[in-house]
Amino acid sequence: MLRPLGKRVIIKRLEAEEKTASGIVLPSQAKEKPQMAEVVAVSKDVEELKVGDKVVFKKFVGTEIKVDNDEVLICEMTDILAVVE
Amino acid sequence: MLRPLGKRVIIKRLEAEEKTASGIVLPSQAKEKPQMAEVVAVSKDVEELKVGDKVVFKKFVGTEIKVDNDEVLICEMTDILAVVE
Amino acid sequence: MLRPLGKRVIIKRLEAEEKTASGIVLPSQAKEKPQMAEVVAVSKDVEELKVGDKVVFKKFVGTEIKVDNDEVLICEMTDILAVVE
Amino acid sequence: MLRPLGKRVIIKRLEAEEKTASGIVLPSQAKEKPQMAEVVAVSKDVEELKVGDKVVFKKFVGTEIKVDNDEVLICEMTDILAVVE
Amino acid sequence: MLRPLGKRVIIKRLEAEEKTASGIVLPSQAKEKPQMAEVVAVSKDVEELKVGDKVVFKKFVGTEIKVDNDEVLICEMTDILAVVE
Amino acid sequence: MLRPLGKRVIIKRLEAEEKTASGIVLPSQAKEKPQMAEVVAVSKDVEELKVGDKVVFKKFVGTEIKVDNDEVLICEMTDILAVVE
Amino acid sequence: MLRPLGKRVIIKRLEAEEKTASGIVLPSQAKEKPQMAEVVAVSKDVEELKVGDKVVFKKFVGTEIKVDNDEVLICEMTDILAVVE
């Protein structure tokens, strides 16, 4: 398992249908990757989020890596804009 | 519901008629989007504003997302210039 | 009424005759807008100025908005250079 | 032996097969060097990592040097994104 | 009277003959404006200087304004390099 | 003798054979100057290093001067990456 | 007399023969101005140096002025690299 260091989280992009269920839809710039994601790991230094949280994040941020065939994104907390409650 | 993280708020742009009622009108650069908005959500870290406040914000800031067909904007508090009292 | 947030003030540019009365005149680069103004609102975070103060401010700063047909400018305190006493 | 100074660690890139064993695979931009590494030395100022830890790090960071024929990389801690647990 | 705000002073450039009397002459790049000045006002936040002090300041800094036909310069304290004693 | 000021050290580049003895070799970009050096002086503000330490430092940093025919380099401590133990 | 303000000193470049006597010679880029100097004045905020100290300083820094026909340089302390002991 990957544990992020510093003020970072690891997130996994949500597919369109998952976003619709939460009532939140991103603008229809169709070619861009979605900006909603689920938190899959949090650093010990991060208190505001927990695994499973759904978040909106800034475009063009983070480092993409592949874990067991899943593409995930390691992001700075400052790149996470909001959480779905 | 979306809750912003860090020093952020979520705001929704006001239409022209709503701005007129408050006596505040933005300069008539007709093609620009309005710079007045209503606060729809505040982070736990924000004390200066509350939901329902009407604010003036900087141009070209924030991240636009769509929530239940409403276009809203997630902004840093430093991009909120003033509040209508 | 508009109340600025953060370390900000709202100011209204002074006309030429008002500036002459105070004995302070800006350099005659005729096409530039005047750099003297009267404070019309102050944030709760600003202690150095009060409404009615006449100030000199940096060029090309602030955000212009219109309140009841008056054009005013929302500025950072660091853009206010001096006050007339 | 080399001991890094400041908030730095020395890491050695992992080969493809080692990464597969940990279940973590980086995106297939084949010509880039791998972004997973094993920690081979830590500064006295670094508490979050220890020798032997496997980490993911940012691309294009650090200073490459050769120690006893091994190519290693001296990195700032802020360039280490996550650790495998 | 103008009172500067923040860590600022208002200064008035000295003419060539005044500088000679103090024994300090700036390099003979004849077309540049002189870099010596007399302090004419200090902010409440400035303790290192007082009105009447003669100072050397950095080129190309400050905001020029005209007070009762005198051209003065509002400068940051960090732009004042030295004082004549 | 030269004593560096601030968070600085003075170092002298090591020749190739000296580096081999320590088992540490820099990458074979033959035309670059070596990146290993011996500390010849330390500022009073530097505690992590002492005279005689062998260090690895960042490329293209520091100010070169000549002391009694020796070329040495005055560097910021942040440019010293690691020490040989 | 000139007294520097802030973390600054005033220095006077040393001639070649003076540098030789101290055993320190700068690299032979003949057209550059010398980088060794004698301290002629220190700010009250500077504790590390005193008048008469011989120092090595960074190239291309400071403000040149002329005092009683001597060309001197007002420098930030961070531009003074080392002192001769």
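Order of writing sets the labels: A, B, C, D, E, F and G. Residues in every chain begin at 1.
In the analysis below, a contact is a pair of C-beta atoms (placed from the backbone, for glycine too) under 8 Å apart; a residue touches a chain by one contact, two chains touch by 3 or more.
Labels paired with UniProt names: A, B, C, D, E, F, G = Co-chaperonin GroES.
Bear in mind the structure is a predicted one, so any value in this text is a computation, not a measurement.
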item: Intersection of contact partners for subunit B (Co-chaperonin GroES) and subunit E (Co-chaperonin GroES); value: C
item: Whole-Å gap separating subunit B (Co-chaperonin GroES) and subunit D (Co-chaperonin GroES), where each centre is the average of the chain's CA atoms; value: 43
item: Where subunit A (Co-chaperonin GroES) and subunit D (Co-chaperonin GroES) are represented by their mean Cα positions, the distance between them in whole Å; value: 24
item: Distance between the centres, which are taken as Cα means, of subunit E (Co-chaperonin GroES) and subunit D (Co-chaperonin GroES), whole angstrom; value: 54
item: Of all residues in subunit F (Co-chaperonin GroES), the ones touching two or more other chains; value: none
item: Ring walk, subunit B (Co-chaperonin GroES) to subunit C (Co-chaperonin GroES) and onward; value: B, C, E, G, F, D, A
item: Residues of subunit A (Co-chaperonin GroES) defined as touching subunit B (Co-chaperonin GroES) within the complex; value: 23-27, 35, 48-49, 55-56, 58-59, 77-78, 80-85
item: In the complex, subunit B (Co-chaperonin GroES) residues that touch subunit A (Co-chaperonin GroES); value: 1-6, 8, 10, 41, 63-69, 71, 74
